[in-house]
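Here come two complexes built around chain A, the first alongside chain B, the second alongside chain C.
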Partner chain A sequence: MAPLVPSQEELQRRRIIGINAETVTNIPSTDFPGHWPGESHSWALDKFKNGFNVEFHRNDPYEASFSLIGLDAAVANAFRRILMAEIPTLAIEYVFVHNNTSVIQDEVLAQRLGLIPLKGSVEGINWMQWFRKESEEDDGTPADTPSDFNTVVMHLDVECTINADAEPGEQDPRKLYHNAHVYAKDLTFHAVGRQEEYFAGDGAIQPVNPDILIAKLRPGQVIQLEMHCIKGIGADHAKFSPVATASYRLLPDIKIERPIIGEDAKKFAKCFPKGVITLEPVTSAEASRPGSGYEGHAGELKAVVRDAFNDTVSRECLRHEEFQGKVKLGRVRDHFIFNVESTGQFESDVLFLEAVKVLKLKCARWKRGLSDLMA
Partner chain B sequence: MSREAYQVPSMGTQNAFGNDAGYTNAMATDTPSVVYLCGECSARVPLKRGDQIRCKDCGHRVLYKERTKRMVQFEAR
Partner chain C sequence: MPGSVHSDSQDQSMVDAGQEQPEVPIQLDEKRIVVLPGADEHNASFQFENEGHTLGNALRYAIMKNAEVEFCGYTIPHPSDPKMHLRIQTTDQTTALAALEKGFSDLMDLCDVVTEKFTESRDRFNEESSNRMQV
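== the complex of A and B ==
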């Protein structure tokens, strides 16, 4: 028996998650074999290829927003988690304090330094390798020695002094003293070995945001320290996470099932963010159609969904008596609107491609594991 | 300064450790000077044994030891 083929309307209906005033319905996906009697939902690559689509909404260097349409939540969530926790980046890991007479304690200072996002030549960062630490299970593997391919050395050497040129009566410590505030831009990078080629000129390792305040000093106080930056992943420590935020939401879906006209339409539009609902006059053709709900309302304004994309799904419209049963809110189950904000080491769209690469690598490892299992 | 040499400082003398028979001046000149920091003006005050504990710039009487010159390693996490 040939498998049943559901109608397009039925498939469309299954894609929508229902959002009601108090409940959310139709949550899990059902497009797998065995759920719908008689229907075949076996996974096939060409079927996926036909259904899959990517749309970019915005692609700035450090912020990208795009839609992935036609894939399962598990895969979309895997990309999100990999973006946050498994893409390697460079961050300060070891701090060697030679002198610190500031009021901020060494360990607090070290922790602050670690969280500063760094940038540099992407080619150079990709060339760098892991710095293997001493293993915790005491199996005798020694830690790597710092080399040009696994460690980037930075220095911070500041001393606060009195500014003799300050105007009398000056109150601002930044004018009264030199180096009263220590900023991220005071970190200096020293290329070692082949780093001189990779991190030359504009590609030098430097903080993404030069104005991050690290410490405040008063005359006579000194900070002298050396920092070793290594590669790591976000799963180890958040400072290695390449993204500030990486999130997705489902495309909102608004269906107006019965006409909303006149004053009600204006109120309805106010229940949504600007631009989601627009008001259009009822045409005479609509008004003349019996049973449409528009009879005798020609020329009045009716509410029309213009762009559900920007809706926040606040459910405000469901609170009002006059809209009861007239509107249906929902979300499209397989339309993921990603928003990836990079911390600055890589560009956001590159980060997503890196996430795809990591997932492919994981799949390859899994496949290899399976074949080893069979052998 | 040995325990036996300790004398209760009298209110009249400027220097609590000066002009007594506990040790000779020759001993004081041999000892290396240690740099302290003034608690008031953070000036560097080199002091020898027997010197008056007092900042040379502002006269403040609270002095602090300098931080160790040794390097200290931390993990930035």
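== the complex of A and C ==
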């Protein structure tokens, strides 16, 4: 028996998650075999390929926004989680304090340094490998030796001195002293071995934002540190997370089911962010159609949904008596509007591709492990 | 069908990192799946170490898309234990292990499609915005 094919309206209905004043309805995905009698929802690659679509809204190095359409929440969420926690990046992990006479304690200073986002030649960062730390389980595996392929060395060497050229009566410590403020730009990169080729010129490892304040000094105070940067993942420490934010929301859906006309229409438009609802005059054709609800209102303004994309789904319109039963709010189940903000080590769109790669690699490695069970 | 390998052998050998050109490893540990006790050919629970909702839910989705699978669910039995359990029950037409393998394959195919369409759409967008800049 050929599988039943549901009508377009039915499919559309299933795609919308209902958002009501107090409840959310039609939440779980139902596109699984056996859920709808007679319908086939088995995995089919070409079916997925036909239904899946990507739309870009914005693509800047530090911020990308795009829609993934035709995907299940389980997969979209996997991408989001991987973006935040499982893409390897470079960050300061070990700080060797040779001298620190500033008021900021060694451990606090080290914590601040770790959180500074670094950038450098992407090719070089991809070439670098893991630095394996000493095992916590005390099973005797020693830590790796720091080498050019697993550790990047940076130094911070500042001393605060009195500025003899300062004007008399100067109050600003930055003018009164040299190096009163220590910034991220004061970190210096020291290439070792092959790093000289990979991180040459503009590709040198450096802070993304040169003006991050690290510490404040007064004359006579010194900070001398050596820092080792290694690769890590966000699951281990947030400093390794390549994104500032990685989030998605579902596309809002607004349906005006019965006419909203005149003053009501103006009030209705005010319930939404600008540009979501627009006002259009009722055409004479609409007004002459019996049962349309527009009879005798030709020329008056009616509310029309222009662009639901920017709606916040605040549900404000559901609070008003006059719109009861006239509007239906919802969200599209399989339309994910992603927003990815990179911290600067990689470009935002590259990060998403990297996330897909990580998920695939994860599957490949586990699948390879299955062969042990097959035996 | 495998017997239960839920034994006390904890031999977690390290993967050779490959000093010159390694693949991008997520964890250094070798990935090992354990079949929990009480499994038969069609019904089995698998234990994944160092995995969570990321793989668990995505894999559950992929496996549930298989018409020969009657039940698939995942759980993280304890939040401070980095383990994920995946339960698969199938019809007589296939085995739990085969369903798991198909789940991985389908998920990998899905990733390829996402990469392909994403790259395509991004390149088109970049081209269009550079055209707009020139005008």
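One rule holds for everything that comes next: the second predicted complex is superposed on the first by the 373 of 375 C-alpha atoms of A that agree within 3 Å, B and C clash if a C-alpha of one lies under 4 Å from a C-alpha of the other, contacts with A are read in each partner's own complex, and residues count from 1 in each chain.
As a working rule, a residue touches a chain if its C-beta (ideal position, glycine included) is under 8 Å from a C-beta of that chain, and two chains touch if they have at least 3 such contacts.
Note that the structure is predicted; figures quoted are calculated from it, not measured.
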Chain A as common anchor, with chain B and chain C clashing or fitting:
fit
Rounded to the nearest 10, the angle in degrees at the CA centre of chain A toward chain B and chain C equals 110
What is the contact status of A:Asn53 with respect to chain B (first) and chain C (second): first, second, both, or neither?
second
Which superposed partner A:Thr141 touches (first chain B, second chain C, both, neither):
second
Check the residue A:Leu361 against both partner chains and state whether it touches chain B (first), chain C (second), both, or neither.
second
Is A:Gly114 touching the first partner chain B, the second partner chain C, both, or neither of them?
first
Would you check which partner chain A:Pro33 touches, where first means chain B only, second means chain C only, and both and neither mean what they say?
second
Thinking of the overlay built on chain A, is A:Glu22 touched by chain B (first), by chain C (second), by both, or by neither?
neither
Looking at A:Leu373 after the superposition, I want to know if it touches chain B, chain C, both of them or none. Which is it: first, second, both, neither?
second
After superposition on the shared chain, which partner residues are touched by A:Gln129: those of chain B (first), chain C (second), both, or neither?
second
Per the overlay, which chain contacts more chain A residues, chain B or chain C?
C
Check the superposed model and tell me the shortest C-alpha distance between chain B and chain C, rounded to whole Å.
20
Okay, in this complex, where on chain B does chain A touch?
37, 42-43, 67, 69, 71-77
Which of the residues in chain C come into contact with chain A in the complex?
2, 5, 14, 17, 19, 22-26, 28, 30-33, 35, 48, 51-55, 57-62, 64-67, 69-70, 97, 100-101, 104-115, 117-122, 124-126, 129
If you look only at chain A, which of its residues touch chain C in the complex?
29, 32-34, 40-43, 45, 48-49, 52-56, 59, 66, 68, 71-72, 74-75, 77-79, 81-82, 85-86, 88, 126, 129-130, 132, 141, 149, 233, 349, 352-353, 356-370, 372-375
Considering the complex alone, what residue numbers of chain A touch chain B?
91-101, 106-107, 110-111, 113-115, 218-221, 227, 237, 239
